Amino acid sequence: MKLSARNLFKGKVTELKQGAVNSVVKVDIGGGNVITSMVTLGAVEDLGIGVGDEVTVVIKSSDVMLAK
Amino acid sequence: MKLSARNLFKGKVTELKQGAVNSVVKVDIGGGNVITSMVTLGAVEDLGIGVGDEVTVVIKSSDVMLAK
Amino acid sequence: MKLSARNLFKGKVTELKQGAVNSVVKVDIGGGNVITSMVTLGAVEDLGIGVGDEVTVVIKSSDVMLAK
Amino acid sequence: MKLSARNLFKGKVTELKQGAVNSVVKVDIGGGNVITSMVTLGAVEDLGIGVGDEVTVVIKSSDVMLAK
Amino acid sequence: MKLSARNLFKGKVTELKQGAVNSVVKVDIGGGNVITSMVTLGAVEDLGIGVGDEVTVVIKSSDVMLAK
Amino acid sequence: MKLSARNLFKGKVTELKQGAVNSVVKVDIGGGNVITSMVTLGAVEDLGIGVGDEVTVVIKSSDVMLAK
């Protein structure tokens, strides 16, 4: 299955903080870049995400801004 | 000025494709990762973005999904 | 591969309109509901999306609003 | 009042989980499809959303991805 | 009908630029603030939006960032 | 540093409510308009945002809907 989202980066979970309905997950994608993701607690439980796991970060192009 | 967006990655513009009102900008952020961004044509013109320019990619955490 | 996005709906492409950098894709997900998606032209070409194709619609929960 | 959002689906609230500032609301839109929405706690209180209520799900086209 | 989106601002359309599938609409919401919106061409046609029209701008809280 | 986001509005923080991982921040941008923002708790702490602070609201055009 391929995704229309143009941004897929493989990485390793380095931090996980859970709230009541949301979770913050930090993923090291290499090159010194760590991406912070806010997903539902249900998603973290359903995918069984834990620190050290290999995951893929997915970002839609229209959600990416630029600064110069 | 600091941004609330948790994801800021420095990179170099590798490709630029302009439509009537939107533009696709590809940015190499290192580590073998290239991010695709869809921003308004007005933004590209206002910031004077061209291939080879150094820019910063900005992504809000709530726009980052995960796959496992 | 499982996605953190909580909304995955299978459907059939009923309409496709291409712009210079973006494309509008309409997908019938059953129950009388047709979802309109705006994705990059690159995504449509990369996934080889055409009218009649079976696709899966993916939506992050934080992008879903309610009205009452 | 009409909305620019192209995706409006009527449904019934089947589940409601409240956090400190956000709420997860599940809405059955028919055809076997249940949509998960993350909205502010303030929105749930302001609209008076409860299980069994009829609501309309609203999604902007640019927030809809595809997989194939 | 009330919306879960916490940000609703009344204003007047001051500019409209149409692409192949998207449109840029600028709306003066008072206080010296003009909001730029990117919506589908279909939405502009369906709502019959033109320069000078009174419209309501709608923004989900999770799409609002801060800088300081 | 300039941002591709087309919507930047200066304002004053009027309310702040913190959850476990997210925070709701209300900002008065003048003209009788108050914008509600949902950002991570980490962002509020990192930027040191408090009631009465002057901040800039940042919104990407593709996240702005219209109603008429």
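For clarity, chains are labelled A, B, C, D, E and F in written order, and residue numbers in each chain start from 1.
As a working rule, contacts are C-beta pairs under 8 Å (C-beta built on N, C-alpha and C of every residue); 3 or more make two chains touch, one makes a residue touch a chain.
Values in this document were obtained by computation on a predicted structure and should not be read as measured data.
The set of chains touching chain B and also touching chain E is given as C, F. Just to note, of A-F and A-B, the chains joined by more C-beta pairs in contact are A-B. Inter-chain spacing, taken between the CA centroids of chain E and chain F, is 17 Å. Each chain gets one centre point, the mean of its Cα atoms, and the points for chain B and chain D are 30 Å apart.
Here the CA centre of chain D is 23 Å from the CA centre of chain F. Among the residues of chain D, those in touch with two or more other chains are 1-6, 19-20, 22, 24, 36-40, 42-43, 47, 56, 58, 60-63, 65-68.
Shown here, the protein chains touch in an arrangement that is not a line, ring, star or fully connected set. The set of touching chain pairs reads A-B, A-C, A-D, A-F, B-C, B-E, B-F, C-D, C-E, D-E, D-F, E-F, using the touch definition from the header. Within the complex formed with chain A, the chain C residues making contact are 1-6, 37-40, 42-44, 46-47, 56, 58, 61-62.
Here chain F touches chain A in the complex through residues 1-5, 19-22, 40, 42, 60, 62, going by the rule given at the top.
Contacts from chain A toward chain F in the complex involve residues 17-20, 22-24, 36, 38, 62-63, 65-68.
Looking at the complex, you find that chain A touches chain B at residues 5-9, 24-25, 27, 29-33, 35-39, 43, 47-49, 53-68.
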